[in-house]
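Inspection log for the structure reproduced underneath, given as structure tokens.
Every chain is named by a letter (A, B, C and D) in the order it is written, and numbering of its residues begins at 1.
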Amino acid sequence: MAKGLIKGLGITLNRFFKPKVTVQYPEERLPLPDRFYGRPEFYYDKCIACNMCVNACPNRVIKLETETVDKKKVVTKYDFDQQYCLFCGLCQEACPKDAIKFSKDFELTRYHRPDIKIEFVKPEMVERKKAEIKKAAAEKAAAEAAKAREQEEQNPAAGKEGS
Amino acid sequence: MENLFVNMASGMRSLLASAGLPDTATDFILMFLKLGAILVYILISALWLVYMERKVSAYMQCRIGPNRVGPLGLLQTTADIGKLISKEIIIPRCADKKLFLLGPILIFMPPLAVFAVAPFGKDMVAIDMNIGVYYFLAVASLSTVIVWMSGWASNNKYSLIGGMRVVAQMVSYEMPLILSIVGVIILTGTLNMSEIIRAQENVWFIFLQPLGFLIYLIAGVAETNRAPFDLVEGESEIICGPFTEYSGMGFAMFFLAEYANVVLVSVMATTLFLGGWHAPFGLTFIPSWIWFLLKVYVMIFLFMWFRWTYPRVRVDQLMEFGWKVLVPLSIANIFVTGIGKYLYQTIRW
Amino acid sequence: MTRQPLADVIGELASKYPGIEVSEQGYLTVPLETLVEFMRDLKENYGFNFLTNVTAVDYLEYFEMVYDVSVVGEPDMIHIKCRVDRHHPVVPSMVPIWGGAIWQEREVYDLLGITFQDHPDLRRILLDDNWEGHPLRKDYRYEGGRE
Amino acid sequence: MTIKTEEFLLNLGPQHPSTHGVFRIVLTLDGETVVKAVPVPGYLHRGIEKIAESRTYTQVIPYTDRLDYLAGMLMNWGYVIAVEKLMGVEVPERAEYIRVIVGELARIASHLVATGAYAADIGGLTGFIYTFRDREEIMDLFEMISGARLTPSYMRIGGVAYDIPEGFIEKCRKFLDDFPKAIEEYNGLITGNEIFQARTKNVAILPAEKAIDMSLSGPVLRASGVNYDLRKARPYSVYDRFEFEVPMGAKGDCFDRYYVRILEMEQSAKIIRQALDQLPEGPIKGKVPKVIKPPRGEAYAEIESSKGIMGTYVVSDGSTQPYRVHFRRPSFVNLGYLDEMLKGWKIADVIAILGSIDIVLGEVDA
């Protein structure tokens, strides 16, 4: 009559002496797979400002702003509003240059609401990039000028004819 | 060791007597000391039992349970109580304020009062009453009124349903509880707890009254409102029953009182069926009071084991089981016991 | 009992009820007037006893009720549509035929504002009782949202 | 003497330990007996159908996860299959097999929650912890294959997002090997328990005709003895290649509804085993253009989700965004008969009956 009741007691008592499955979290951690969607990471130098991730995002989490310096796009703002993120990975999938990626960091809680929004691009990064572009452009211009001068020197007649 | 507490008491008595106090005053002071000791014991054991319950449940569920506050998490309950004390006591609008606040104050009274007659060891009983069992049954059932009162005073429908369930459950399970004890009383012919324990020197009544013990066990679980008879709280149905609206210390009092009741029922089971302070297999080198507590904790473990294995019965099934199964069985038990005793006596004499 | 092939059923129905349009995929468009009669016929004579899906679409000029009816234990399913006047969106309820329409029609009523005649309990179901408008209509404008 | 009694209203929910979320039932009670019950859903309504109208076809996928969040994979599947039908996309075989594997894993996960939560509803919390312990294994598998545990967003139109990672198959097989033991444990602790049986047997018997009439589906329908499982009746994907049975109940009471789920888990494990054995090599995504623009038209497709028939109706106006998306959510439709089912039972049975239908509020309220 009470067979099931006694069997149930047996199961719980059996479990009482068996090893436990708890993982003592902050000290012990389970390994995370490579595909895990944790905190997003942005690689500033890889980004080509193609806007693919912005368009792929279902929840309009990413805000991308660019500035054109010497015909080149410079990312001046890449804000990731994490509180609205669905962690679906569509941005990562859309990015052609792997500039946005999800890391394995899952401890995303913050004490203050504004801290949740990640502003990836720092002003100094923009400055550096701009300087780099300008420098590259200047170098290129200088090289071109030098080349032109060289050509001119080698072939002064042609230059004159052209003008 | 054996007479640790007894010697302490007699030492105290002689100390007070040497101070020139009259006998009545000494008795008076000593009585208070004994009751104070019981109070401390109940509170500490309630705290410890909350911890034990959490550990037992965790171990049965492949978990570890509290292990952060203090060594092995031993201070977890203390921390919880500290938190509950510091919380605001919220009184619902339109609640009967006086009764609402009276509930948690009174809830500890019945178990406290009953423990006065509990024999914790050889000669270790605060008040050796000759109607101890009767006193236990009478006072212990008082808590019903208090729980019902708090349920009614809360002005919450869940609380009210819970309160009504308490009454219904107590009325139907007090009956088999008492009737199951009657078997023991027939065997011993006394209501005095110490006498009952002394009568079990050779054989524990669990062997003479197995059915009585089983009925007592089931009814005892129902008395303490624990699974599978935890309809009063019935978390998945009526939130927390009569305690739904209680917060902070009020809730903590009910919570601890539940464990005090568990200890109480276990103490009674030990006294009536498990041979009280008698040591089994002649292991008398262990003091009697340790044996007693050991048996009490085995009983408590049994209660916890039930709770973490069984689902809850339904209210009509509870009533049916109480009235249609337990009451007839316990009456049959009394009948058989009576005949058995008569036969025993006629054959012997 | 072997069932009539689905294509035959559709063909037979199309010839039986004059106003029915059949699309390439086998979707039926039934006029509102014969809808109840058609549905009852479908259940009682063709054994389509399981109403899986009831919904509606707002096409700005008109509403379109969509019913998907199938047979328990069989692969057959018919996709039935019915145009409803947008200014006077009243449709006969399917609850008397298939009880399962009860909540789905409430949902349609709630989100698209189509009224069902003879529905036993036509109240809003997902939105608040005091909600204004019907969100799944294409001309529904909402304010708020984030930032 | 007669005592004058009065009926009273009890508001069960939206905040209640065992309404499985934010569901509310307004009960009219006579003592403990239910006289009238009015279910009130909608507390978790997020307007997913409306949101979907302003998203591209691919962007809807993460929102479908949030319908039945206990079986996100199946919800993904139900949506993509409708878009694929609309576009006429061929899904490669390997992708179909992967879908079957993760879909059946999701079914087991969902049923584990249903089983455990049901045990907790009846009052035995230990069963709940046991099932969640084993569900964790499935969550780990999902994490491995899709990167997320609960909301995988794993399926894509025309295939799946990623191929099976290394170690997944071994881990999956290990889970399947351990699973019968776990089921034995549930049967010992929950199913076989006399108190549990007393609480659930003969409670809220649902006759087959009524179940069909009310469009109930999934385990709720099959518990009443109706053989209607889309995987068998109208095999989609590659389900026609597997050998499995459709478990059915005899009576249609709460116990049958509970036990059918346990039996279904066993069958799902069987399907996964076969799918792992037959898993072909090949691409995981069909020929789908980068920008998904289905032709004008509409499609309605159904799959058998863990709660019942999950259908998706998609209307396309030829742009990149769906004109209208409608989800036929099984939990929502299954609840339609709740008010009648509850009548005449006790408060404790209300919980038992609601639990036996196994609802997920994300799905009910969409």
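Basically, a residue touches a chain if its C-beta (ideal position, glycine included) is under 8 Å from a C-beta of that chain, and two chains touch if they have at least 3 such contacts.
From a predicted model like this one, the values you see are computed outputs, not experimental measurements.
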| item | value |
| --- | --- |
| B-D compared against A-B, more contacting pairs | B-D |
| Centroid distance [mean C-alpha coordinates] between chain C and chain B, Å | 63 |
| Between chain D and chain B, distance of the C-alpha-averaged centres to the nearest whole Å | 45 |
| Centre-to-centre distance between chain B and chain A (centres being mean Cα positions), rounded to whole Å | 62 |
| Gap in Å, rounded to a whole number, between the CA centres of chain C and chain A | 46 |
| Touching two or more other chains - residue numbers and ranges from chain A | 5, 8, 11-12, 21 |
| Numbers and ranges of chain B residues touching at least 2 other chains | 60-63, 308-310 |
| Interchain contacts, given as pairs of chains that touch | A-B, A-D, B-D, C-D |
| Chain B residues touching chain A - in the complex, by the definition given at the top | 56, 58-64, 305-306, 308-310 |
| Touch list for chain A against partner chain D, complex | 1-5, 7-8, 10-12, 21, 30, 32-37, 56-59, 86-90, 93, 102 |
| Residues of chain A touching chain B in the complex | 5, 8-9, 11-13, 15-16, 18, 20-22, 24 |
| In the complex, chain C residues that touch chain D | 25, 27, 49-53, 55, 57-58, 66, 68, 72-75, 77, 79, 98-104, 107, 111, 124-128, 135-136 |
| Touch list for chain D against partner chain C, complex | 41-42, 45, 47, 49-50, 210, 212-217, 226-228, 233-234, 297-298, 300, 302, 309, 311, 313, 315, 323-324, 326, 328, 332-333, 335-337, 365-366 |
